[in-house]
Structures are given as structure tokens and as C-alpha cells.
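One structure is given below, represented as C-alpha cells, and several questions about it will come after.
In this document, chain identifiers A, B, C and D correspond to the written order of the chains, with residue numbering beginning at 1 in each.
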Amino acid sequence: MKTYSKRHVLAAMLAGTCIAGLPALAQDGPIKIGVLEDQSGDFAAATNVKVHAIQLATQEINDAGGIAGRPIELVIYDTQSDNRRYQEFMRRVLQQDQVDVVFAGFSSASREAYRPIVNQFDGLAFYNNQYEGGVCDANMIVTGAVPEQQFSTLIPWMMEEYGSNVYTLAADYNFGQISAEWVRQIVEEQGGTMVGEEFIPLGVSQFSQTIQNIQESDADFVVTLLVGAAQASYYEQANSANVGLPMASSVNVGQGYEHKRFTPPSLANMFVTTNYIEEIDSPASNDFVERFRAMFPDEPYINQEAANSYIGINLYKQLVERAGSTDHDAIRAVIAEGDVCFDGPSGNVCLDPQSQHMSHTIYLAKVEEDHSITFPTVWENIEPYWLGDAGCDLTQNDPSAQYTPSSPPPAQ
Amino acid sequence: MRTFGRGFVLARALSSAEQGARRVELFPAIFSIFYQFGDAFAFLVISCAGLAVIFGMMGIINLAHGEFIMCGAYVTAASARAGLPLPLAIACGAVAAGVVGMALERAVIRHLYHRPLDSIIATWGVSLIATQGVLIMLGPTMQGIGTPLGSTLVGERSYSVYRIVLFASAVGLLVGLYVLFYRTRFGVIARATIQRPAMARALGVDTRRVYGLTFGLGAGLAGLAGGLYAPTMTMVPTMGATFIVESFVTVVVGGADIFLGAAPAAAILAVIRAALTAWYGQLFGQIGLLVAVIVVIRVMPGGLSAFLKRWQR
Amino acid sequence: MRRLELPDASEAPARQGLRLWLSRLEGPQTMGRGPGFWVAAALAVAAAAAYPAFANDYVVGNAAYFLVWTFMAMGLGVVWGYGGALSFGQTAFFGLAGYTYGVITINIGSAFGATWLALLLSVALGGIFALLIGYFMFYGRIKGVFIGIVTLSVTLVLETFMAQTAGPQWRIGEARLNGFNGMSGMPPLTVPWFGGDVLLYAGTTLYYVLLGMVVLVYMGLRMLLNAPFGNVLVAIRENPERAEMLGYDIRLYQMLAFGLGGALAGTSGVLYTAWGQYITPSSMGLTSAALPIVWVAVGGRRDITATLLGCLLVIAGFQSLTIYGSQYALIVMGVLLVFTVLVTPNGLIYTAMDRVGRLFGEARR
Amino acid sequence: MNPILEVSKLNKSFGGVTVARDIDFVLDAGAMHCLIGPNGAGKSSFFRLLLGEHAPDSGAIRFSGDDITALRSFERIRKGISVKFQVPGIFKALSVRQNLEVAFQHHLHGASLGGTIRRVLEFTNLTGEAATHAGVLSHGQQQWLEIGMAVGVEPKLLLLDEPTAGMSPDETRKTGEMLHELNARGITILAVEHDMAFVQQIADSVTVLHMGAIFAKGSIDEITEHPGVQEIYLGAADE
């Protein structure tokens, strides 16, 4: 038999991939941006819109003459909600397509999967998701909101409004556990009591026992940090069992637009801190929604990740124009100046040089009985302070690590 | 607090002081235990019934089981939105999944009866097509239809009435299947065909048709599961994945016979899961279920039904 | 059934030691024999070795990534195709070995070739764990589809457990397990060299190392499968009762085969972890567990060559589809799988090899 | 003569069905013995008990003086018992030669393995079929191949379950000759057989099983004359 058929097949496949991209040599060629997002699989509901936001920002910038005269060219891959695809394609965009910057990742696991590769090739990646916080890595720029921004606002407000007995229901993985840790700390600082804390493995969809536990506790409100389609079944089940407690969350509505997908009133009385959702009624936001829908009329919902991705592209434009090149050191030097800000759909945001995270205007969104949204309050200009306070300073050194309150950076 | 990172339920420990003060009545306490068990039992029985027919009886390892459930749930939700009353909408979901199942049997499964392991690959392929196809055509999510019937108060706790209905449905489903397989002509022919195909052919049975109908029935039951759970769950193309591990585990632990196998298996697993979840939290409920499966198979190779049959003799 | 005239290599003179084992490179349990086959195989390896000269770094590194998975596929080929036990949980040993590599290297570092020591220890641990599970199953008379469910349960238990180890208390020495987000920070494989270690990042060097490992493991498996061990394994698959009545402890053989499969899955696990400096619980989940079965089934499980080539074909093919197929990629994959099963029941590569072999009359077993 | 197989007080039942009832059975080394009895008499179950596929409820089995009651099947085989099943238990996907290799490689290696295979091929008239897939052999050839697999390593005791089932008269006669040749080489033979003509050709003594118990024992002539034996066979025929 002919064993070399193996190489034939392989060579044919790979030869095909070679044609796709030649190294961008010319300094005045297009600026290439790699986009790795989950357009299929479990996370597609929340992430398709991110790709669209990036396309919108790109078109607007290109129509206005590009970044420093150079057009943006997007290199988009579908990562299928699969960590391995992130590893494969992060190598591909950095090595083969030689992009200048990558916009990548929804789940924290996907970010951690690609981060070693970004570090290996000294690339630059934007992570445009709210997450559990703590990534101190000079190769990463994070535009999403982090726990100190969402919980230091949300929890005290809820305790003041509804009482100090708190029950936390969190997904049993990094995001849920770390967020729950934040909630616990803030509740204790504010003199409240944790009457219960329960962690749910990912993929669990049946909550009868959990609901009973909540009913037996004396909770004044429930902090729901549930993630994924399966766990979202909690709301319907809690509602049908008439739990009737207010809910507080950092992850719902702003990301998976559960209030649009579920039948009222299952999400009624939920309070969410988010840095953007399409219901925000400001001129900038309305303008953004209008432009978005003009380009993507069928978009189900414009969530906070869409806004952050849109902001990310515009921040990158500013960074490159001020640095005069796409060189990462030059860009970091601009960030270190500490005045990289952008007036976008969610208000004014600025990049923090120490952590390379972004300040946000935090909106408190309340889901009403009919699942419409009201905004009881707004906090302007909330800083991502924790990493810097804990000792992460990317202007000085680059540990490329992720820290949490219970495993902070080693003391200097 | 040492719970961080563990799936422990703190609720009890933390509120035990308050609890001690409460008067614990007997009936509500028993009802609560029964409700938790019934809820776990209903989920296992309803989600595995279709698989018990397709895998338990026909030996086809149907990895697209979850997608039949998704199909039933989507059709149910769409029909309910279109104004059909919920029971009718659920029936629509079951029928739709059954029809899809029969079409799939004719196109693909029919060629795989003599090599059941290959059915893993084929049905996995079908599952990929179905999940992604629905994502492309209907978008990443679909609006749910809300749980009907509200809640009822037993003692101091309120319970979802619909979940009690689900338990009743599970029991009704078992009774219905028993009648179908042991008391009707189709059932007798189907069982005969599946046990001794050559003999059935010799007796003039159109075995292909029986296989097709049986597969359709299995798919329809999966659709029914989707329909029944549609009001309580998030509607996404990948929703079937939630069911698939539990279904397979129940059917395999049960063994080939639905009534001697899957039903008692569901009961045993439901007790294990409900108890572990209540005492140690969801993580241990989940892990305990899987470990129970390993132990049960080890103790009774051939599954529960083989064990019960031997014991009966 | 067609009547096959198999070449009857009449009794060869007694061969000893190395020559005996080399003679087993071809034999009844593997396709391909005679100079034609070996010339073709040598050409294939030569082509693979020359290939980096004509491709860029990314493509070579990506090819190395494909090679990473072949060990797990070949291991499943032995367990399922030759031994007849369909394991749905090879990823359990993959994940265990991957995590072990991470824990060891993060704790002892990568100096003096320590990464290779870590590789050996991790692979051994994967193999021992597989032997334990195999002992539990085969000595407990668990058979058929029950093996699939037990192994699937094992891998899902590991996944569920690892997913919740995000807290700081879940650490082994310096290494944090880090829950669902996955463990990172372990070094790639390193080769001690004059003037500093060579780090085997995804690139040409790693490609050559992996290519060498694949060739070694492939040849080793060919010899083992044509040795008495392989004969008995196939005999057990065909008729376990009869094999026992010939005086073989079939439980022992199945357990050993399962252990070998686990060690090979562990090899892939270590290499994957070292390749991306990352390992995650989801690599032990349901989807990941189903993938090796697909590779092996599409290629052809009854022959180790078909398994190897099929694995490479499917992984490369699926990746290309994802790159060029946009959102239709998964649909095309599904269609291909259904089509493959319906049209080539023995596997795509197996059937192709059989055809080519018949054409040249030399691929006969 | 010294006994090679001694079975004492062997009992086994499945639920309500008793398949072995107080069986006491002694087989002398070098004998050619047949077990007969109507369908359901417990002949196959007796074989399975001897082979260790079923564990007896009580009683003991001794082979060559050793108690083997608690041994697993493969361990009994290694002590020198060999078996040929009623349904050919050959490996159909392997060639004739490979079948023999699998059968013998446990005991033999290298040249002695090759020599044994050649001798067995000659003995079973399969020399010309060495490379043929076992699955495509004629029924009789498959039976012979299995006998060859069973005897190649010179067992002390050969168990045969209906060795001539489905064979032509000519094949049956050849099989009988084969068994005589094996017996002459010192292999004790215990066969379950229906075909009385064949029993007459090979057996020096016969045991009749009925309802799981030993009904009668004696030379072939004594058994055929035995009125009770005729009755149980006729009774069975009436069913």
C-alpha cells in the first residue's frame, strides 16, 4: 500500500492554509486584527454580537480613513466554544496571519488557553468580557468589567435596599467561586450576614433542592452568579416555586439578555450591574444602537460585550495613532501615560496603566415584572482598582499571571 | 468560612439556629423529601424513556438523543407561542420528534442495525448537524414559554405545581409504555421482532416497518421529554446535552428491559442523587450519580434488569 | 464471504531476540508487508522529515500539533479495534497525565531534562490508572457497552471534580490546579543542550521530536500486535470464551491492553499540555471523549496504520473546515461522519488501503 | 487404571432448574467415554461445570489427583484439559494457521511451534488450507480445525461436545478415526454425542445422564439393552 498518501493529504490541507496569508511586510499596508470568537457552540448566543460590534467599528473607522491612514483588515475565525480551537487559531493569527492585535475570547477558560501562546509570541490581545478579574499580563488589555466594579456597587446598594442577609448561588468554577469570594468580603465589610452559599457544577439544570435550601434560609436577597444555558433554567424553576426574593447578579442580562429570552416574570426583581446594555437611554447609547441596527438589523440584542468590543477597536485606533506604530512597546508606552480614554456608547472610559483594565460607568439595571429595564441608579467612573492595590504594576514588570483575592500577587 | 471551592451547602449550617426554633411538622417534612426524590426520578425517567427504547431495545447508541429532546422542546415552545394549549403543544413536540426520528431511521439508522457501534459516529454526526443547523436557522436562543400552574404551599414552603405534574407524567409514561409493550399487538410484535428478527420475519412480520416505528417511538418519547421540560428550561440549540449523560447512565444501569431495568434504575439513582444533593450539595449529587453508576455496573454486570431477572428465577 | 488466499510464509527458522521482534514488524494483524510497503513507508517518513524545509513555522508547528493526538488514537485502536473493548474514557488518562506533567514540572522545573522525566512519570501514571480501571472492569466481568459507560463515567467524574478546583487550597506544591479555567505555567518539553536548554515550543524541533516518537510508537505497536500478545488480543475480540478455553487468562490480556491504551492516551495528554502549556478539565468532558472514537472509527479501527492516518486526516480536515467553512463547518463535519459510516463501514482509510492493496496485491494481511 | 477425572457429589441448579444432581463420575486415564442422554439431560451443563464456566453449588472435581473445583477456566485448561465446543469455536477472521498459532503459542515457541502446526495441519487434513480464512472452511473442516486446536498441545483430557454434529457420514467416519488415533497417543477422551452409530464406533463405555443425574453406566451393549434408557429416549422423542 501507499503510506505516503498520508503526507499527500496533509500537505494538501496545509498547502491550502498557506495561501491564506502572507506576512504583512509593508508598514503602510492594512492593519490586521485577528478576531477569535465563539460563533457556534454553547456560547454563541452572547458572542456573535461581539463579532458584529467589531465589524461595525471597523467599517466606521475604515470609512473615516482608517487608523493613521491605514485600513483595518479583520481575520475572523470561529472558535466553536472550544478551548482547543483558541489554541490552534491563536497560533495561526499570530504566526501565519501575522496580525497586529487579537480580539479574543468569551469564557475565562478560553482566555487562559490562549494566553500562554500570546505570551510566547509576545502578541497583544484584547479580552472584551466581564470576568472574575485578576489578569496581570502586559500582553493583555481587558475592556470588560471586573468584580470590584460590579460588586462594590451592587452589594451595598442591595443590602441597603433589601436587608443584610445574603444567599449566594454561584457556578462552581473560577468565575463563580471568585465572584462569590468578592460578595462574601463585601457583605462582611458592610456588616451583613451570609446565610447561605451554594456552588452549582456547570451543566446542572435541575434546581429543586437548591430552591428549597434558599426558601429555608432567611435570605433577604439572592446573589445569582449562574453561568451557561443549563444553569439559567434556575430562574424559571425558582419563579414557578414562588421563591419571590430579589436577585442580584453581575453576569445576567448584560451578557445573555435573559430578560429577553425568558417569559416574564421569571426574572422580575433582578438587579444587575453592567457597563452597558442596549436599553441605556443616553444620546451616545441610542446613537450606537441605531448605527448597530442599521448594519445588523436582525441583531437579537446588543450586550455589554458588544459595547466593550466596539470600544476596544476604538481604543486600539487611538493607541496606534498616538504611538505612531503598531509596535507593542510603543503602544504600552502610550498606555503608561495614563490618559487613554474614549467617549463611547457607555460613557467615558479610560485604560488603567497598572493593570491594563478599563474604568467604567456602572449602570444598575432592574428587571421589572414585564421584563422591561429601569435604571435605579448609575455610578460614574468606577476604577478597576484591585489589581493595582494588590501590587500588579505592568509599567514596572510583567508577571503574566492571574491573581485572586485569596491568592494575591507575592509581596514586593 | 471554609466553603470556598467546595460544593457544600451552607444554608443549613448557617441558619441552623433559626431552624431549631421552628416547629418541624411531619407531613411537610415528608412531602419535601418525596418532592425532591420525585423531581429527580421524573427527570431521569422522562429523559431516558426514549433512549431506553432506542438503545435498550434496539441496541442503537443514539448520541442524537439530546437533539430529539431539543426538537421536541422547540416545537412545543413554538406551538405554545402560536396559541395552542400546553398539553397539545407538548403532543405536537413529541409527534414532530417522532416523525423526524422515523425519517432519520429510514435514511441512516436502517443501515446500521448490524453494526451498532458505528451508530455512535453516525448519530454524533446527526447531532452536530442538528445543533448547528438550528443555530443557523433559528438563531442562538429561542424565547421560552414560562412554567404554568404556579406554586402551592405545603407547610411553610412553596413548591412548583408543574414539577409535581412532571412526576405524575413520569409515572403515567411508565404505565403507558407498559400497556403499549405488553398489552397491544404492536408491542408484542415489536418485542418479538427485536428479540428474534428472523423468526418474526418468518411469521410474516414486516420487520423493517417495526424497526422504523420503534425508532420513531423512541424519538417521539425524547420529543415528549423536551416538550415536558420546555417550560422549565432555557431554550438553546445545545439544550439536549443537559439530558444525555443522565439518560445513558440510567438506561445502561437499568439494562435492556425498560420496566425491570430503567424504572428501578431511575428510582435508585434518584434516591442517591437527591440524598447527596440535599446533604452535600450539587457537586456531590453530580459526582455521586456517576460513581453510583460505576459501582452498580461492577456489582451487577449486565445491568439491573439482568440482575433482577436472575433473582426472579 | 469471499475466499482469501493468504500468503503462507512457511515456517521460518527459529529467530531470536531482536531479529524475532523485527520480523514481527509485518504479520497477520497489520496491513502492509513486503518491500513495496516499506519503501512507501520510508518515503512517507522521508517526506515528512523534509517537509519543514518547504513550509513556514506555523504550518510545521500546526502539523506537530496534529501529531500530538495520534498516540491517543493508536491507543484506542489497540483497546477497541484489536481488543474489542470500546472505551469512551481515554480522555481520563489523557487528562490525568496532562495534569501530572503540569504538577511535576511546575514543582521541579525544567532543568537537566526534567521535563522528560515528568513525561515518563505522567505516562506511567496514566498507564497505572488505566490498569486499575481495567482491573476493576475486566476482573469484574464487565463487558460490551458497559465498558463504554464505566469509562465515560470515570472521565466525567474527573472533569466535574477538576472543574471546581479553582480555590487556592487546591494546589500540589507550587502548582495550582485552577479549576475550570485550567492549569497553565508549566514549561514546554526541553532538551538539555550545550549552551542552554532547547525549548520545544510548537515549531520545527518539536515537530521532529514528535515525528520520531510517532514512528517509534507505530513500529513498536506493529511488533507487539504481531507478537503472541496481539494474536491473543484479536482472538479474545473474536471469541472470548474460546480464547479462555485455550488456556488464556483473557482478563489479564484485556487489562494489559487497556493499560497500554491508557499510557498512550497519557502520552498525548502530556504532549498536549507541554505543547500549549495549558490543560483544562474540559479536555476530559463529553465532547473531548467522543473525539478519539470518531478519529479511530473514521480511519478504521481494525488496523493500526489506518488508525494513525485516519486520526491525522480527521483532525486536519476538521481544522480546515473550521477555518474555511465558517459556521457551516460543524454541519459539513456531521455530514462527513454520517457519509463515512454509511459508505465505508470499515473506515475511510482502511477501505482505501484495502483497495490500493488489492490493486498492488501487497497489502494483504 | 488410575482415574484422571473424579467428580463427587456435584450439584448445581439455576433458580428452580436443577442441572446437576449428586453426580459421581470417575473417568480412567486412557479411556474413550461417551455421555449420552436426551435433550436437557444436563450434558452441556456438566461440561460447563467441568470447564469452570459455572461454579457448582456443592461437590468437588479432581483432575489428575488435584482439586480443581475452585480454579478458573483458563487455569484448568493449563492443567491439561482441552475442549471442542459444539458450535465451532474457531476465530473466523483469522487464517487456519493463525488459529493454530493462537491455540499453541501459550505453550510453544519458535521451531517447536512451527513443527506442531505442521503436524496438526497434516493430522486434520488441512495442510492445503493453512492460509485460508477459517470462516470460509466447510463445516466439517471447521470442526477438524477446532479438534486440531484442542489437541495440538497434547492435553491429558479432551472434552468433545457433539463432535460430529452436522457432518456428512464420510466426515463422521474420518472424525472417528482421528479420535482413535488421538486416544492411541494417550489422550483420554470424554464426548457428548447423539449419533449412536458414532458412539459405537468410538466409545468403550457410556454414561447416560437424565434430569441432571446419572441414570445408567456401562458398556455400549449394556446401555443399548437397558430398558430404562430406551424409555427415557422414547419419552423424550414423544415430546
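In this section, a contact is a pair of C-beta atoms (placed from the backbone, for glycine too) under 8 Å apart; a residue touches a chain by one contact, two chains touch by 3 or more.
Computed from a predicted model, the values in this text were never measured in an experiment.
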item: Contact-richer chain pair (by C-beta pairs counted) among A-C and C-D; value: A-C
item: By mean Cα position, the chain sitting nearest the middle; value: C
item: Chain centre separation (subunit A, subunit B; CA means) in Å; value: 35
item: Cα-centroid distance, subunit C relative to subunit D, in whole angstrom; value: 42
item: Centre distance in Å when subunit B and subunit D are each reduced to the mean of their C-alpha atoms; value: 49
item: Interface hub residues of subunit B, defined as touching at least two other chains; value: 4-7, 132, 135, 241, 283, 286
item: Junction residues of subunit A - those touching two or more other chains; value: 40, 172, 177, 199, 201, 406
item: Residues of subunit C engaged with two or more neighbouring chains; value: 160, 164, 166-168, 179, 327, 330
item: Sites on subunit A touched by subunit B in the complex; value: 40-42, 44-46, 48, 167, 172, 177, 180-181, 184, 193-201, 203-206, 208-210, 212-218, 229-230, 232-233, 236-237, 239-243, 260-264, 266, 300, 406
item: Residue ranges of subunit B touching subunit C (in the complex, touch as defined); value: 4-7, 61, 63, 108, 111-112, 115, 117-122, 124-133, 135-136, 241, 244-245, 248-249, 252-253, 283, 286-287, 290-291, 293-294, 297-298, 301-303
item: Subunit B - residues contacting subunit A, complex; value: 1, 3-12, 14-15, 18-19, 32, 35-36, 39-40, 43, 132, 135, 139-147, 149-151, 157-163, 231-236, 238-239, 241-242, 274, 277-278, 281-283, 285-286
item: Parts of subunit C lying in touch with subunit A, wherever the complex brings them together; value: 31-32, 37, 40-41, 43-44, 47-48, 51, 55-59, 61-63, 65-66, 160, 163-164, 166-168, 176, 178-182, 184-185, 201-202, 276-278, 280, 282-283, 287, 305, 308-309, 312-313, 316-317, 319-320, 322-324, 326-327, 329-330, 352-353, 356-357, 360, 362-363
item: Sites on subunit C touched by subunit D in the complex; value: 1-8, 11-16, 28, 228, 231-232, 234-235, 238-239, 241-250
